[in-house]
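You will see chain A twice below: alongside chain B first, and alongside chain C after that.
Coming up: the complex of A and B.
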């Protein structure tokens, strides 16, 4: 039972849930985009700040949730991402859609799903969080009514996510059948007593891997990613790329680290294959993309593959590396999509790499930001991406998983090409045929400001990562 | 004074500031202000480098630690700079030559618009900054930062005139080859981390003796692969001649003072590792010598003035690696220094010629220019004499030191290296005679336009010519002047003298005499052959050499084409046909005859789902299969 004292432990989740309800009610009274946006921003900020009021230590909230340093860290990360996405959505929605207020309900709800997922300690809470996250996403992806591509990809995502959820659910049921538990510690106990994995358990685990792999868009469950990224509006794509994937990854870490599922050699092998395939295919397929959102989609597949390297190291260092890299990935992806949003206009988004031709001569500051983002994603030194990759590699080399390390190095080498291609286009000569005279959506305030902030973060983490690492080191070992 | 050396961070700091100012405000600043910032920051760094050099000469050396760049548990990477004899010498070369090239550029690039001008100087400053990071880093990670930065800047600088696709192709080539090297470097880096638990030079080298031979050999070989890419050795040398596409001062900066020395510096710095891996040393010596000969033969038949110089660079770098491979580190570093002088000189002089010819680079259309371009001619001649090793020019002393150590090590190496030295003299004087002697073969208009370059270009030439002449006096061998080898003495704290000499003074003298006489003979031969221009027929060996041994074509055939095809295969065939196709085939088999399901199957979504299911089955199968 949740006692009253337990409530302050889940303060961030409560704030977001409450905010969703208030936004809904306020729409019934009076529509006002500015207010709704501002209120959503405040709620995300409040959720992030409220983490400070949660006492230190690891607490169970009923048997469903566990609030520990790891969970809190991800809570802040997701709330911040939500904040940034809300900020970036304002002018975008103003320009492209008439009824905007419901967007924020959906955004808050799916963030709520993500926020509960990162503190889930039980398959039931995990599954419910996943559904809260996904169901709101279906609508978010198809939110722009005028945009047939968006609606199409919304339906696509609905079908695919429903299928993956059904796998997941069935897998959970099979695991339950075998171990008699749904909470992670119970499963861990059940596993250690039974020793060898039984057939039923293997089948269950495989299905869970499919479900999680789908959400994280790992190869071979990645096919939806480019379509959805390209079809959805850019802020929503940013949300899918960061919050949705990050939350599932957090649960994946918790699931396999706390149950010791990775100690099993076969499970480890399966994940290794998935990781290798994701790194290689993600980067290979991105090479020929002309559409920047598809490029980012493939790149994110690759990045999730990189994260798996640290995950597969099964050490504290791996855990820290993964967490650090995830923060870097969040920052980079948000800034990348932020730039796409900035460059979009009423008629459509700046989808093609050619739309950025000669950007440096028109908007040098924006081009400098986008360049840094690309360099960080590519892992060039003095950006956060480089250090993130360095940590991943050290985590990998420490335990001697050379195959993964080598694939990581090779695939980030491949990755450099398409990232630098974007950079090269921005510095190339001016675009002669200025087709669209339509002004871009981005405004200096608040959009340019938040981009600049993300840009500075990328550099800050790249030069002085200790600031972030110290926090991560405190939370990272808690989970095991 | 230990504490004062903590201030060395100022040396890379100033070029960084210069980069930022010129990069951000290139639209606002006037050209003269841009030039002032660009040159001024490097000058300050140079002055600081001289100060550091003097400190080190007085016996101070230090590792200046600033903050922890990375700390993960027990693994720490401090942001630290190494100040010792080796790095301070490189600092002098980089900032000194860098400054001269900056000054030269102010005039050479003056026709560019203000914005491009600013961009050019900001890249140049960034390049110097990266190079300084590379040589100052006190651990492999900081070195790698510079290593990557240098590659990035050279990509930007070579592709500076990006409108020309030929140029951006060359930039890409340089970049890709460097990636291969970086990959090897990274692997070596992580190998070192996993074996010693550190990346700091002092820790790694002190633990080196505890490593197994196989580990050290693998690490050193991987590092050497990294070095071959940066320093343009077989098999990764082809990017350097193509990199000539960039502006000439850039070629001088990349080829003389900086980037190509990165690999040499890294190998020298890792001497403690290499001395434990005789196999790697042999590989280095042989690769270096082979590159030296290969590049020299190619240089004999090139007609582009900058290409000849580029291949001569590759060849000279080969010599330096030969020196490193036989353990003559001091001789190698000495040659790095003299080579920096005379190669910068030759490139800048070539730039002056190209400038006078209005962009023409083909020596078949030059000739007879010594009358109009007096200063350029004399300085170029000095450069040729220096590179050919005519006493008392600088190249004589350093090349002789290398040849002598090769002689001590293995007589065959010596003979081949001597042969290479003769080739060097031949192609350099061919270049000189075809460019400056005989009659002018360009157009009327070009002839009319011929003029000596302005002072901002000729003064750097004169300074470099003096250095090319006198630079060798830093390392006079014992037989001429007891204790005259100042450079070896300076470097001795880092690179202790390599054992006693086994060669007697009389043998040494005879070898020197032999080299000099043979080189002079070759020059005379070149004089008779190229005094008057005769078109060279292209057949047989000549054609083979002119086409650079067809190495580029070979790489195209065996590496690039298959990769290209594989890429196309992945995106076209694999993703579209195999994945979708496989899915469709399976789908059709499963759902054959069922109208309802076939309707569903027409959408892409179903194929996605099907792939999901198949993958899941595969995972289960793998699990079951592996369970036993």
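Coming up: the complex of A and C.
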């Protein structure tokens, strides 16, 4: 039986679930965008703070979940990302859609899916979390009904995510057939008793990799990414880029580290190929993009490829590097999409790089922030992105996975080009044909404030990373 | 017992292949129902009669009927009535009929000859399913509820149309 004592361990998840229900009921009584937005903000903040009240150590909750330092860290990360996205959504939605309240229910529910995924210790809870996340995302991606592109990308995501889920389910069934367990510790025990990996188990793992690879947009499964990023509204794109991918990556770490699936040479090779392809193709395809959201989509494919390098190192150092890099990636991506939101207007988003031409002469602060974000994503010293990449490289060189390390360096070099192209456009001369006289959505509060905060974080982690690293060092050794 | 499983599995594969090759949605649905029935027979001989019943009631019953209703609601009028007559030609239902008959024969045979005690596999009945859903997987059930909520809210938002400004009687007149 489930006891009430276990429930305080999943306090953040309960808060978010309750918030979604309260928001839904409040809509039934009276629609008020301001209240809904504030309430969502408060619940994300409460979820992040409630983590402090969870006792230290690793606890199982009804065999489906395990609450440990690693899970708690990701819980805070996702709640903070949800907070930032909610904050940036308010004026955006006011300008572009009439019925805004449902957006927050869906945002809360998809965050709930991510929050339960990072503490999942069982294939059942993983799959259910994934579905909660995806079902809310179908509607979120197509949320702006006036936009044909949004609906189109919503349907694309629906079809592709359903196919990838069926792959995942079949893979889980095959793994269950071989080991007789659905919980990760049971699978690990079943594997160690049988010794060798059987063909059925490898086939199962391969299908799980397809499902997870789709969600993380790693290269053979990445084709949906640019279309969905470009079609969805900018806050939702930010959510897909950060929360959705980060949560799946957290489960990937848990799955392969706790079951020892990476010890098989074939599985390791498959992941190496995926990582190399993601790094190269992601950065290569971004080179000629004119649409900034597509550019960020390809860049996120590349970043997930970098993360795989640390994942494949299979050391504590690799784990720490991956966690650190993920935090940096979250901050950078949120700030990048935040700038896109800031520059958008009622008619549409600031999609094209030309929309940013001469930004430095009009809004020097915003241009400075966006420049820092781009430099951080590219990995230039003094920004967090540089240290993140440095840790990935040390993790890789320590265990001597030279191929991956070399590809990381080469693809970062390729990536530098398109990040700097955006920066160059911002500092170029003024835009002659000022087509859009519409005022931009961005306001000093909250957008300017949030962007400044993210900008300061990027610099802070870049100059003084030990504050974050100390926390990460505590949690990263727990999982193994 | 093995041979019964293989026959049911074969029926499932054949009917599913027919589903994706039919050009007419209603014909495909007939085969889809047979496919679901075949899966349900497999569940039954695996020792999960409750899940087998759920498969028939929920999938072959409720969901399929819903889809057929949706298709029929979209095709109203004389032309569709004629078309419905065409759909009911023996050529269209004889295939699914034969496959379903095979499954029925299997079911009758199993019910007559199959005794749970003689077989080593454990029978999982409704009580066991309920027990595990309300103990081990209670949080999973809650998560599934959240997923349904997301689906309903999403469908409500996407499907919501702008309210017409004129009165409904006026709207009727306009149609005339």
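A few points about this structure:
By definition in this document, the second predicted complex is superposed on the first by the 480 of 480 C-alpha atoms of A that agree within 3 Å, B and C clash if a C-alpha of one lies under 4 Å from a C-alpha of the other, contacts with A are read in each partner's own complex, and residues count from 1 in each chain.
What we mean here is this: a residue touches a chain if its C-beta (ideal position, glycine included) is under 8 Å from a C-beta of that chain, and two chains touch if they have at least 3 such contacts.
Fair warning: this is a prediction, and the values are worked out from it, not measured in the lab.
Residue contacts after overlaying the shared chain place A:109 against chain C, while chain B stays out of touching range. Contact with neither chain B nor chain C is seen for A:378 once the two complexes are overlaid on the shared chain.
When the two structures are aligned on the shared chain, A:61 is found in touch with chain C, with no touch to chain B. By the touch criterion defined above, A:397 reaches chain B but does not reach chain C.
When both complexes are overlaid on chain A, the residue A:327 reaches neither chain B nor chain C.
Contacts of A:228 after superposition on the shared chain: neither chain B nor chain C is touched.
Number of chain A residues touched is higher for B, counting chain B against chain C.
Once the two complexes are laid over each other on the shared chain, residue contacts for A:167 go to chain B alone; chain C is not touched.
Using the contact criterion defined above for the overlaid structures, shared-chain residue A:203 touches chain B, although it does not reach chain C. The contact surfaces that chain B and chain C form on chain A in the two complexes do not overlap at any residue. Across the interface of their complex, chain B is touched by residues 156, 159-160, 163-164, 167, 196-197, 199, 202-203, 205-207, 209-210, 214, 220-221, 223-224, 227, 265-267, 269-270, 273, 281, 284-285, 287-288, 316-317, 320-321, 380-382, 386-387, 390-391, 393-394, 397-398, 400, 405-406, 409-410, 413, 416, 420, 424, 427-429, 464-466, 469, 473 of chain A.
Chain C contributes residues 135-140, 142-144, 146-147, 149-151, 153-158, 160 to its touches with chain A in the complex.
Of all the residues in chain B, the ones that touch chain A in their complex are 67-73, 75, 141, 144-145, 148-149, 152, 155, 159, 162-163, 168, 175, 179, 182-183, 186-187, 190-191, 193-194, 567, 570-571, 575, 579, 604-605, 607-609, 611-612, 615-616, 619-620, 622-624, 626-627. Contacts from chain A toward chain C in the complex involve residues 1-2, 10, 17, 20-21, 24, 61-65, 99, 102, 105-106, 109-110, 112-113, 116, 124-125, 128-129, 131-132, 135-136, 138-140, 142-143, 145, 151, 154.
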